[in-house]
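These are the structures in question, set out in turn.
Consider the two complexes below, in which subunit A is the common component and subunit B and subunit C are the respective partners.
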Partner chain A sequence: MGDQVGRSRPRFDLPGRVRGLVSHVGDQPVGTAAHVALHRSTAPHARIGEVHVDEALAMPGVYAVVTGLDLYKQLGDRILTGPAFADQPGLAHEKVRYVGEPVAAVLAADLKTARAAADAVWVDYEELPPVYDLRDALDGDAYVHDELRPSSVFGDLKHLRGVRDTNVNYEYNLRHGDAAAARDAGAATVTGEFWAPPTHHVPIELPCTIAWVDAGRLEMLTTTQTPSYVRQTVSDLLDLPLSRVRITTKPLGGSFGAKMYDRLEPLAAALAWTTGRTVRLVASREESFLLTTRHGAGVTSSMTADADGNLVSAIADVRYDTGAYADVGPRITAKSGMVASGPYRIANASVRSRCVYTNKPSAGPFRGFGVPQVTWSHESLIDELAHRLGADPVEFRRRHLLREGDEAPMGTTMHSADFVGCLDAVANAIGWDQPIERGDGRVKRGRGVAVGVKAVLTPTIANAVLQMNQDASATLLISTVDMGQGSDTIMAQIAADVLCLDSARIHVVRADTDATPYDTITAGSRSTYHTGNAVRKVAEAMRTKLIGFAAQHFGADDVTLDADGLHHGDAHVTIPELIHGHFGARGATVTAEANYTTEWVPYDKETGRSEKATEHWFAGAVGVQLTVDTATGRVHLEHLAVAGDVGKAINPKLVEQQLSGAAIMGIGHALFDQLVLDQGQVINGTLLDYQLPSIKDLPDKLTPIIVESPHATGPFGAKGVGETGILGIAPAIANAVRDALGVRITTLPLTPESIVAALERSDPWTLEEK
Partner chain B sequence: MTTQITVKVNGVEHFLDVEDDALLLDVLREKVGTTSVREGCGVGACGACTVLSGGMSVSSCLALAVRYDGAELTTAEGLDETDDVVSSFVDCDAAQCGYCIPGFVLMSRELLAENARPSECQITEHLEGNICRCGTYPEIRKAVAAAAERRSPR
Partner chain C sequence: MAQLHRPGSLDEAVELLSGLDNAMVYGGGTAIQILIKQGILFADHFVDLATVPGLREVTADDRGVTVGPMVSIRRMETAAPPLAADAYRHVANPRVRNTASVGGNLAHGDYRLDPPTALLVLDAVVLATSAGGTREIPVREFFTDFQETALEPGELVSGVRIPNQDASAGYHFEKNSSLGENDWPCASAAVLLDDRTVHIGLGAVAPVPVYVTADIAGLDDQGAVDAAIAAVEPVLDPIPDVRGGAEYKRRLARVTVEDAVRRAWKDRDHG
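Up next, the complex of A and B:
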């Protein structure tokens, strides 16, 4: 083994990133492409009558105006795509389901003309009763979709096909023991109504897709985290073999879940294919807010202890508002529902988690995959329960946290997830055991902690191909997309370590489905473990090949590899000499391939439990010390410590940046970040109105802490970290506010107004479900 | 209507025919080819489109190109790897996806030209209009302080 893993090697292309020389999708010249602008729905829920396109079509520079009906005539029901339900058309057909939904696409010589022509389209609507929120959706009799249409991606949704008269597209239930009876018999119960609002990812790079037809093949360059998924979607949409679809990417300028599954790609493919033109679609910032959001979620929940302080019951009713299209909401509903009781030993647990259609922009994956919304509930509850019992919130959690070998309420045995180590690390960092100066004027000080648990996406598939070049440099082909997390760098480190090379000599090829092999997705914190294992295996396969060549060269089996090359006793050959000699050519290449696949056991239909719901768990904890100005309600973060168990840090600096970056994003969610909708319309969908964390929102001190509890089957013991840091930020801050002021707020974000209002309320527990 | 303008970008003169309503952002990206200048919001709220004109920062997404006839513009491409700010950002790992970073680099150049020894508070105040969604702010703040030290060691 080499010395590449465990080093904070800078991203290999860092100087280029700093100077803006790393090129992105939107930078690519497109020649005589048709620029596309979209005419969008002005109604939240309506039947589409006539779409008037004549005026737009008559404008100089307009090539074509395409409607949903036009696409339907050519592609039929195949225009409906989506990862869980095939429910979303690239252009609305028959019905519109949210304000801002694309209804017609204008193709023109330039974007300005296209946008002007899109404004000249008008549509006759027959308005239908709108479903604005969870309450309308669950209690009313208007339905966003006439019937449910599961996609072919997830076999366990098949039974939902054709179900009518409901806005609930998926329901996950966990039944472990008798939680209701245990609550009734318990000594102390806390109950809450929690709300986490919809938010938006706002990666600074805007989504952009360029699609064209080349010799009967559909080719595309697009901002996606999921090139392998998009290839399959386009293949299904156009009824083409996978070999006639090519999806390529560039490094992304951030994503956080925004650029995955079906965004601009199905529409771009359909327009390019049906018109034969190269098309370029770019979303403006305002349009990006309509492409996807984070699920707003309501949680009604309770946690109960017996007279000895043992946790005996946890109950949660979780409602995810998935908007007009399900996207991956049903997956979020199950994966997050199963951890709604938190990382604790609890004798009885009951969870109902529902994914609910409304007439709003679709919600999809966002860093944390629905788990921050349920963490908001369980970390507030356990904190309040500790206060009610007169227990120390850190000690109380410590007592109940799942340890190695414990069976979690959802039936899976916990392993390689050091919750206690993470909690201890953040408590220690913020001086939990030290006396605190509370403040005696209008400014009060408090401390809070929170713990998070999340499953890694399972089952998933990763593949890697490695070419060793004759000069002992190497080319690694994977479909993992580097969007800032630094995957190209750590994958090179893993391969280099196995082969005793300098990782700077390994080039990672950008995802191109013509060349790079299938990889499920770059999401769910899965790449370090899954793709990292495929890369470890492919490097090991390459090492075996080189040792085989060397055995031939030496005429002996006893060969070792180190940084100087290959050795047999005192005999030595370098890799360049070996490959040159083996093939008789300079510049020759040696190729190896490897696969890494994980399996799961599907949830039991009755209990929702699974002996293996996931390959492994992420464990994280957050500790906060803050002050609150009781006159203005303003929170000031003095110290925020965020810890994540990553098994083994392949690159400690990149791990710290994932932890601190997630924490900063989470500070926004805790204190101000929210997408505001009024009657289904986004009303703060510009960056003048939508508040994001700036450098001014940094805590006085921000401490990322790496906890390394090695994973038995991770590459070098490693697992991912992209989401770990964000899980507990909001509840840790709210728990510190509770500690400072004695009031419990259950609606995010904790705006100054909400804190002042809470101080003036007698009952601290409230529900404001949107 | 189009107007011919002359702009010097990173020391190189360009003669450009621009529409009267063309944005400096689009002209720099499409006619000059400096794609480090990026649209993040279109309303001057994120800083990804920042350029320096005569050393002063400009949100190019709000600027009409015709008004920059005769201007001397600097984009991040125009700074080489030995530049104090660029090298400090590299050494402090002050980029993740990096999409917003050219804007931060140029804002930092502007700050250090005005104030050779900014305090942490002054760095924060000067950079508060730029958004880094990856959350690289701790490293950025460190990098600006390091660049100040490189430019004028104590």
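Up next, the complex of A and C:
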């Protein structure tokens, strides 16, 4: 083995990203393309009447105006796509389901003309009763979709086909023991109504898709985390074999879930295919707010302890507002629902988790995949329960946290999930055991912690192809998309370590479905483990090949590989000599391939439990010390420590950056970041109004902590880390506010206004006491 | 699409402004570019002052400083009297301050801007030039209504004269946001305080920047705070929005005024 894993080598693209030398999709020259602008719905829920396009068509420079009906006539129901439900049309053709939904596409010589022409389109609407929020959706009798349309991607949704008169497109239920009876028999119960609002990802790079037809093939260059998925979607949409669809990417300028599944790509493919033109779609910053959001989620929940302080019951009713289209909401609903009781030993647990349509922009994947919303609930509850019992919040959690080998309430066993290690690390970092200067008068100080648990997406598939070049450099073909997380760097480190090379000699080919093999998605923190394992295996296969060549070369089986090359006893041959000798050519290549696939056991239909719901777990913890100005309500973060169990850090610097980056994003969600909607209309969808953390909002001190509890089957024991850091940020901050002020706030974000309001409530408790 | 004009003199600029249909002055462009991008600015002509000579001058005399409209906000951090310098220093971020202009900042007329609060307190005078000549508008009469100023059609801001600040007075500029720290202010206050009077310029808490005074002769610091808060109370008229409801904004305005008065008090006594 080499020495490449565990080193903080700089990511190879660092200078290019900082200096703007890395080119992105939007930088690509497109020649005489048709630039596309979209006419968007002004109604939240309406039947589409006539779409008036004549005025737009008459404008100089306009090539075509395509309506949803035009596409429907050519593609039929294939126009409806989506990862869980085939419910989202590239252009609306019968109904519009949210304000801002694309109704017509204008193709023009330049973007300015296209946008002006899109403004000249007008539409006759027959308004339908709108479903603005979860309450309308669950209690009312207006339905966003006439019937449910599960896609073919997930077999377990088949039974929902054709279900009518509901806005609930998916429901996950967990039944472990008798949680209601245990609650009633318990000694202390806390109950809460929690709300986490919708948010937007706001990656720096805007989504952009360029699509064209080349020799009867649909080709596309697009900002996507999911090239393999997009290839399948376009293949289905256009009824083409996969071999006639090519999806390519460039490095993404951030994404966080904003650029996956069906964003601009199905529409771009349909427009390029039906018009024969090269089309370029780019979302403006304002439009990008409409493309996808994090799910707003309501959680009604309780946690109960018996007289000895044992956790005996956890109950949660979780509602994810998935907006007009399901996207991957049903998956989020199940994956997050199953951990809604938290990373604790709890004898009885009951969870009902629902995915609910409303007339709002569609919600989809977002760093954390729905788990931060349930973590907001369970980490507030257990904190409050500790206070009620007079217990120390760290001690109380430590007592109940799941350990190695424990079975979680949802039925899967814990391995490589060191919750206790993470909690102890952050508590120690913020000086939990040290006396705290509380502050007198206006400014109060407090500390809080939170623990998070999340399952990795399972089952998934990863493939890798490796070409060893004759000069002992290598070319790695994978479909993982580097969007700033540094995947290209760590994949090179993994392959290099196995082959005893310098990782800088390994080039990772960016995803191109004509060349790079299938990979489920670059998301859900899955790549380090899954693609990393495929890369480890392909490098091992390459090592075996090289050793085989060397055995022929030496005429002996006993061959070893190290940084100097291949050895048999005292005999030695370098890799360049070996490959040159084997093929008789300079520049020759040796190719190996490998696959890594994970399996799961589907949830039991009755109990929602599974002995293997996930390949592995993410464990993280957050500790915060903060002050609150009671006059303004403003929170100031003095120290935030964030720990994640990554199994083994392939590149410690990149792990720390993921933990810190996730923490900063989480600080926004905790304190001010939210998408505000009024009657279905986004009212802060510009960077003038939308709030993101700036350098001034960072804690005085931010401490990322790597915890390493090796995973038995991870590459070098490693697991991913992209989401671990964000899970507990909001509850840790709220718990520290509770510690400072004695008030418990259950609605995010914790704006100064909400903190002042909580201070002024006559009854400061929103969590009910038994 | 709007047409850009680049006059070579102030006379040419005001002629263009009065002669063209639906024309607008283009200063640093930091506000205009945002409004254009958002599709809510519909000017047909922009009269760019960047190439007009003499508009970037700062002239100091024993009464104060006279500043050209194209002087950058950044330069005002050192060129303006201390209270105004503090307010200019709090505008947006260095990149914006290097581009945005003193004249544009005033003409924009937004109720949340930082510099007007200090200019109100210091009793600055806006020079407004049109084809008919130049007139002086006291800045205390300049902000007339929500996003409206006393500038007439065909007029542009050709300078601002800021009187010297009483060196024995205490002063402080205080700015509070309610969401991200770097966001627009939710309440801001520029305060100048001598032995007899506290002068207060308020931003973001009414449809226009507002100026009020209170008599503090013979009062202690708490008395001055109480007098200041009593004086601002009647003019508080905040616009509820995503940054807070009217009640919270009133509260934050009071806290902001209190903090600014207390710091100005300390500054006067120890400055």
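One rule holds for everything that comes next: the second predicted complex is superposed on the first by the 763 of 770 C-alpha atoms of A that agree within 3 Å, B and C clash if a C-alpha of one lies under 4 Å from a C-alpha of the other, contacts with A are read in each partner's own complex, and residues count from 1 in each chain.
One rule holds in what follows: a residue touches a chain if its C-beta (ideal position, glycine included) is under 8 Å from a C-beta of that chain, and two chains touch if they have at least 3 such contacts.
Nothing here was measured: the structure is a model prediction, and the numbers come from that model.
Once the two structures are overlaid, the count of subunit A residues touched is higher for B than for its counterpart among subunit B and subunit C.
Contact with subunit C, but none with subunit B, is seen for A:672 once the two complexes are overlaid on the shared chain. In the superposed model, A:688 makes contact with both subunit B and subunit C. Contact with subunit C, but none with subunit B, is seen for A:632 once the two complexes are overlaid on the shared chain. In the superposed model, A:696 lies in contact with both subunit B and subunit C. Legend: residue contacts after superposition of the two complexes on their common chain; A:752 is shown touching subunit C, with no touch to subunit B.
Annotation: subunit A residues 286, 686, 688, 692-696 touch subunit B in one complex and subunit C in the other. Only residues 8, 10-11, 14-24, 26-27, 201-206, 251-254, 256, 284-286, 483-486, 653, 657, 660-665, 686-688, 692-696, 698, 702 of subunit A touch subunit B when the two sit together in their complex.
For subunit C in complex with subunit A, the residues that touch the partner chain are 1, 34, 38, 176, 178-184, 242, 244-245, 248, 251-252, 255.
Subunit A meets subunit C in the complex at residues 112, 286, 631-634, 668, 671-672, 676, 683-684, 686, 688-689, 691-697, 751-753, 756-757. Touching subunit A in their complex are the following residues of subunit B: 29, 34-43, 45-46, 48, 75-77, 79, 81, 86, 89-90, 93-102, 105, 123-125, 127-141.
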